[in-house]
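What follows is a pair of complexes built around subunit A, which joins subunit B in one and subunit C in the other.
Entry: the complex of A and B
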C-alpha cells in the first residue's frame, strides 16, 4: 500500500485550496463555498490518483489515498482558519498582508455569517463539518477513478450498449425537459428563490443530453424520430422560459454560430486563428453603422434612412468575407505559431481601430440605438426573438458546415491540416482552400456579429476584446474540435454555465483554466468529439467502415 | 516526343546553385532512374519537375508543353504524381481516406472506383487495412500507401523519391517488384534512389548525378557495367 500519492496529492490540493482562499473565493461565493471546495477536493483526488498508462490502481488503494487527500485538506484548512482566527482575536493585522483574510471570510468557511462571527460564534462545528465533507469527497473522488480506467470504461460501455442502457440514454433528455416543465406548475417549488437558475440548468441538461442521445440513437427511424421530438421541444423552449433565461440562451446561440465558424478554420483546416473576434466586431459594426440613427453614415448622408436588419445582415457578412480575404493574403505562407500571432495582432488592430477612429465609429462611446430585426412586422428585438433567430442561424450554419465538411472542399481542408506540402502534391490549390476556410469562418462570425449588435442595441469596442476569441477557441476545444454538436456543449459550458454560477462569476476565468486543464487530461478529444478526432487522438480503428468503392 | 524533358535546368536554394544545367529525358513507358550520392541534387530535380522550385534558367516540359507557368497543383492535373521522400502519408487519416486524397483532383467517379480496385489488387495489405489509421501502419505498408496514393491520381508520370529508404531488404525487393508491375501497367516512372544496385536492376535507363550535374547516362545495363558506377555506387572494386 503506497500512501505517498495520497500525501503528495493532499498537499498539492491543499496548496490550491489555500490559494483560492487567499484570492477571496469564500467571500465571493458566500454560502456556496463549502460545496465548491468539497467538489474541488473530490475532483483533485480523482485527477491526481488517475491511473497511469499500464498500471491500474486497486479500488482499495485509490479509496485510501483519496481519503488521505480529503483528510489532509480538511485538517489543513481547519488549522489555517484557526491560526487566522487567533491572530485576528489577538489584533494582529494579517489582513494588511492578505487583504482577503477578514473575519467574515473565515466565517464563510465555517458556514457563519458576518454577524455571527462578530457575535463570537464558535467556528468549530462548521470546521468539523468541512473536514468531514472533504474526507468524504476525497474518498468518493479516489474511488471513482475506477470509472476512468480502461476496465471501468469498458464496463460503462457495456452498460450503455445494453438495451436498458441504450434506452436510458434516449429517455434522459425527456426527463430533464419534464423536470423543467414541472417548475412551471404553480405550487411546486423545487428551486426555491433561484427557480429561474434551476430552470436554465435543466434546459442546459436537456440540450446536452439530447445531443448525446442523438449520437447514441441507432441510425434510421430511431434517429429521425428523436430528432423530430427534440426539434419540437427546442422550438417550444423560448415560449416557456422567462426573460433572463432567454437572454442567456440567446448568448449561447450566438456563440454557437461563431464556434461553428471558427471550427471550420481551426477544426477542419487547422489554421490557428486567434483574431476571430475581428470578424465578429466587423459584422456588428457594419450593421450598426448602417442602421443606427446617430451613426457616422446616417448623419453624413441625411437622405439615407439606414438599413433594416435583413439588408444589413448580408452586407455585414460580405464585409466580413472581404476582410477575411484581406487577412489571408499576408498569412498565406504562414503556419502554426506564426499564423496565430499574426491573427492575434489582426484582432487587436480591428478593436483599436474601432476605439480610435472616433469620428467614424464613435470611439469608446460606441454605436447606439441599433434597430432590432423585424420579421413579417413582428419585432424580434427581445430576448425571445433573438433566441429564435439564434437557433435558426445556428441551424443554418451547422447545415452549411456539415455539407462543406463532406464535400471535396472539406477533404482538402483536412489534407491541408495534415500536411500542407503533400496536400499540394495531391493537386490541392492551397491559396483557394485557405481563402475559403477563412472566408467561411469570417462570414459566420460577421453574421453572428450583426445579430449580436441587434441584441445589444448599443455596441462598444470593448465588446470585441481578445477574450471573445479565446472564449470561442476554448468552447470548440472543450466541445471537441471538429464536432458540431460539441460546439453546442462547449458554448453551454463556457457561456451558459457562468450565468448559473453567478455568485462565482469573478472566478469564471479560473474555472475556464481549470476546466480546460481537466478536460485535456481526462478527455483530450473534447466532451462530444467528432468521430475523426476521437480516432486521431486515441489511435483506434474506425468503428464503422467509411463508404467504399466496392 | 519525350514525355518529360528537362533541359539545361539551373535551380537554386537562395544563393546555393543546386542544379547546374541538368538535362534529362523520360520517354513514355520507361523506368528511368536517377542515382547519386547525398546532396547530388536528386530530390531537387524532382522538386523542380513538380514546380516546388522554379528554375532560374532552363525548362521542364511535359509532352512538349512548358510547365513553367503552372502552379504545383496544376502540374498534378497534368498527370505528374509524386511519392515524396520519407513517405509523408496523412498519418491521422485512414488508409482509405489517404487513397481518396490521392484522387482529389479527379471527378470521374467510375475511374476512381476502378483505380481503387487496381491499387487493392497491387497492394492486398492495404485492402485489409483500409479502415486503419495510416500512422499505425508499418514502414513498408506506409511506403505501399504512399505509392498507392500517387497511383490514385492516375498519373502518366510517377516520380518516386527514395522508395527504399529505411526499409528492410526483403521489403525493398517487394517495393521494386511493385514498381515494375506498375510500369508494366503503363505508368512511366522516374525513380530517384541511393540504392543504385536495386535501381539499376529495375530501370531501363539511368542518369548519374554528381553535385548538380549529370556525369553519366545510358542504359541500366551499360551503367551497371561502367567501372566508375561500379566503384562509386555499387561497391564493386
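Entry: the complex of A and C
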C-alpha cells in the first residue's frame, strides 16, 4: 500500500485550493463555493491518481489514496480559514496584504455572515461540513478511477471509430443549430434572461462541431454536401441573431482574418512575429484618418472628403503592406528570437507613436466618428453588416491563403521554416520569400484593422497594445498552427468564449494564462491541428506525403 | 562578360561588391542614413536648447542607476537563454513577485519601527527586505521552471515561448487579484532617502541611487564569481556549451537548469526590490515593461553572454536617460528610443555588442 501518491496529490491539490482562495473565488461564488471546491477535490483525486501505463491501481489503493487527498485538503482549508477568521475577529486587516481575504470571504466558506465573522462566531460547524465533504469527494474521486482504465478508453475509441460514431460527428452540428433555432421560437423560454448568451454558445458549438465534421467527413461527395449545408447555415446566422450576438461574432470574424494573416508569417514561414498588432493599428488608423470627418488628413486636405469604404480599404491595405516591408527589411537577416524581440519592439513603437504624435493621430483622444461602411448603397454600419463583411473577409483571406499554401511560394515558405540554409541552397530567394510572407500578413492585418475601425467608430491607441499581438498568436497556436479551421476554433475559444463568461471576467486572464501553459504541455499541436504540424510535434516521421487538406 | 578584362581595379571592385550579399548593402546603407539623421538632429537640438553640463551629469547618473536595475533582471534572461535558448517571457513577473514580497516585508518592519532610528537596525531591515524579495522570486522562478518549462524541454521553440507567455499572464493577473488593484507604495527608510551634493558642481546624488548602484554591482560580482569559480558554475557553463556531452560527463542537467533559474530569479527578486525603491510604486504590471527592457538590454549586449548583459543594461539605462533631451523630444519617447537603438544595434551587429557568433543551433 503506497500512500506517497495520496500525500503528494493532497499537497498539490491543497496548493491549488489555497491559490483559488487567495484569488477570491469564495467571494465571487458565495454560497456555491462549497460544492465547487468539493467537485474540484474529487476531480483532482481522479486526475492525480489515474493509473500510469502498465500499472493498474487496485480499488482499495485508489480509494485510500483518494481519501487521503480529501482529508489533507479538508484539514488544510480548516486551518487556513481558522487563522484568517481569528485575525478578522481580532480586527487585523488581512486584506491589506491579500486583498480578497475579507470577512465575507471567510463567511462564505464557513456559512456565516460578515457580522458573525467579525464577532468571532465559531466557524467549526461550517468547516466540519467542508472537511467531511472533501473526504467523501476524495474517496469517490479515487474510487472512480476504475472507470477510466485502459479497457474503458479502448471502448470509447472503438465507438468513435465505428460508422455510428462517424455519422454522429457529421450530424452533431445540425443538432446544435436546431437547438439554436428552437430558442427563436416564440413562447419557448430556455435559459430565461441569459437566452442570448445560450444562443451564442450554441452558435459557437455549431461552428466548432461543423469544423470537426468537415475534418471527419470522407473526401468527395460527403464533404462537398456538408460544406454546402454549413455554408448556407453560416450565411443565415446573422439574420437569426440579435445585436449582442452579432457584435461578438463580428469580433470573432475580425480576429479570424488577423489570425489567418499571422498564420502565414508564423505557421507557414516560421518567422515569429510578436508585433503583428502594428499592421492592424496602421490599417485601422489609415482608414480612420482617411474617413473620419475631424481627422488631421481630412481637415488639412479637404480633397479627400468623401472617401468611401471601397477606396479607404485598399489604401489601408497598401499602407499596411508598405510599412510592413519597410519595417522588416532591416531585420531580414535575423532569425528566431531576435526577430521576435525586434518585431515586438516595432509593435510598441507604433503604439507609442500613435499615442504621442498628437497633432496627426489625435493622441490618447483617438480618431472619432469613423463613418459606417456603405457598399452599393447598403449601410453596413451595424453589427449585422459588420458580421457579414467579417465573414466575407475571412472567406477571401482563407481562400487566398489556401491557394498560396499550395503554390510554389507556399512550398518555399514551408521549406524556409524547416531549414533556412537548405532552402537557400535549393535556390529559394530568402529575401523575396520572407518579404512576401510579411507583406501578406501585413495586408490581412491592415484589412482587418480597417474593418475594426469601422466597427468601433472611435479608435484609440490603447486598442492596439501588445495584448492584441499575443491574443492573435495564442489563438493560432491553440487552434493549431498552420491550420485554417484551427484559427476559427481558436478565435471562438479566445475571443468569443470570454464574452460568454462575462460573469467570471475577473478570472479570465488568470485562467487564460493557466490554459496556455496546460495546453502547451498536454496538446502542443492545438485543438484542430494541421497534419504536418501534428506529426512534427509528436516526433513522427513523414512516411506518406501530406495531402493538401492540412 | 567575356569582353571585359579579367583583371583591373574596376573589375576587382565590382567583384568585391558582388560578393557581399545585396540585401546586406541595403540594410547597412539604411542604418547609415538613420545614424546621420540622428546626429544631425542631436546637433540641431544642442544648438537650440543648450542644457548645462550638470544636467547631463545628473542624467548620466540617473541612467546608470536605472541600468543597474535592468542589469539585475537582464542577467536572468541571458543565463536562461544561454542554457535553454528560450526567452523566459515571465522573468519580469518573477521580478514583480520579488518586489511585492519586499514591499510587505518593508511594511512589517516599518510597523515594528526598525526602519527609523538606529542605522544598524535600519541597514538590517533593508537587507531583510532584499532577502525576502530574493526568496519569493527564487520560489516563483523554480516553480515556473518545474511546471511550465521542464515538460517542454524537447519541444520546438515556439512551444515553450507560448507557455512562458501564458505563465506571464497567469502571474500578472493572479497578483492583480491577490494583492488588489491599489498601487503599493514603497516607503524608503531614512537611511537611504536624501542625498549628497558634490562640491560646488551643483550635481546632486541621491542615496537611493548610490545604494541601488552599489548593490547591483556587488550582486553582479557575486554572480560572476559563482559562474566562474564554483563547481555549479562550471556545470552551468558545460551545459550551456553542450547538454548531451555535459550529461555524459556526469552533470545532472535538471539540477543545473533549476539552479540557473534560481540564480537568475534571485537577482530578479533583488532587482524588484531595487525597482520598488527607485520607482516607489509596485503594481501587478510593474514587471512587464522593465522585463521587456531588460531583455532588450540582454540582446543589446549579446544574449547568452553575462558581461554583455551588464554592459548592455548600463548602456540602455544611460541612453534612455539622455535620449529624450538629446533629441529634443518628450520623455514619453524613451521607450521608442530604446527599441530603436536595439534595432540599430542588431542591424550592424546581429549578435549584440559583445556577443559571440552563434551557430545555427543556438540562433
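By definition in this document, the second predicted complex is superposed on the first by the 403 of 550 C-alpha atoms of A that agree within 3 Å, B and C clash if a C-alpha of one lies under 4 Å from a C-alpha of the other, contacts with A are read in each partner's own complex, and residues count from 1 in each chain.
Note that in this section a residue touches a chain if its C-beta (ideal position, glycine included) is under 8 Å from a C-beta of that chain, and two chains touch if they have at least 3 such contacts.
Since the model is a prediction, treat every value here as computed from it, not as a measurement.
**Q** Tell me the contact category for A:293 with respect to subunit B and subunit C: first, second, both or neither.
**A** neither
**Q** Using the touch definition from the top, say if A:365 reaches subunit B (first), subunit C (second), both or neither.
**A** Once the two structures are laid over each other on A, A:365 reaches no partner at all.
**Q** Could you look at A:341 and tell me whether it touches subunit B, subunit C, both or neither (first, second, both, neither)?
**A** It touches subunit C, and subunit B stays clear.
**Q** For A:421, is the partner it touches subunit B (first), subunit C (second), both, or none of the two (neither)?
**A** A:421: touches subunit B and subunit C.
**Q** In the superposed arrangement, which partner chain does A:24 touch: subunit B (first), subunit C (second), both, or neither?
**A** In the superposed model, A:24 contacts subunit C only, not subunit B.
**Q** Going by the touch definition up top, name the partner, subunit B or subunit C, that contacts more of subunit A.
**A** Counting residues of subunit A touched by each partner, the higher count goes to C.
**Q** A:408 in the overlay: touching subunit B, subunit C, both, or neither? Say first, second, both or neither.
**A** first
**Q** Looking at A:474 after the superposition, I want to know if it touches subunit B, subunit C, both of them or none. Which is it: first, second, both, neither?
**A** Only subunit C; A:474 stays clear of subunit B.
**Q** Taking the stated contact definition, name every residue in subunit A that is touched by subunit B in one complex and by subunit C in the other, in rising order.
**A** 421, 536
**Q** Help me check something: in the complex, which residues belonging to subunit B touch subunit A?
**A** Residues of subunit B touching subunit A: 50, 52, 71-73, 76-77, 81-82, 84, 88-94, 96-97, 100-102, 104-105, 112-113, 116-117, 130-133, 135-136, 149, 153.
**Q** Quick check on the complex: what are the subunit A residues that touch subunit B?
**A** Its residues touching subunit B are 408, 411-412, 414-415, 418-419, 421-430, 535-536, 539-542, 545-546, 548-550.
**Q** Flag every residue of subunit C that touches subunit A in the complex, lowest number first.
**A** Residues in contact with subunit A: 23-24, 26-27, 30-31, 81, 85-87, 104, 107, 147-148, 151-152, 155-163, 165-174, 177-182, 292, 295-296, 299, 303, 330, 332-333, 335-336, 339-340, 342-343, 346-347, 350, 360, 363.
**Q** Report the residues of subunit A in contact with subunit C in the complex, numbered from low to high.
**A** Residues in contact with subunit C: 19, 22-24, 95-100, 266, 272, 329-338, 340-342, 344-346, 348-349, 352-353, 355-356, 421, 431, 470, 473-474, 477, 481, 506-507, 509-510, 512-517, 519-521, 524, 536-537.
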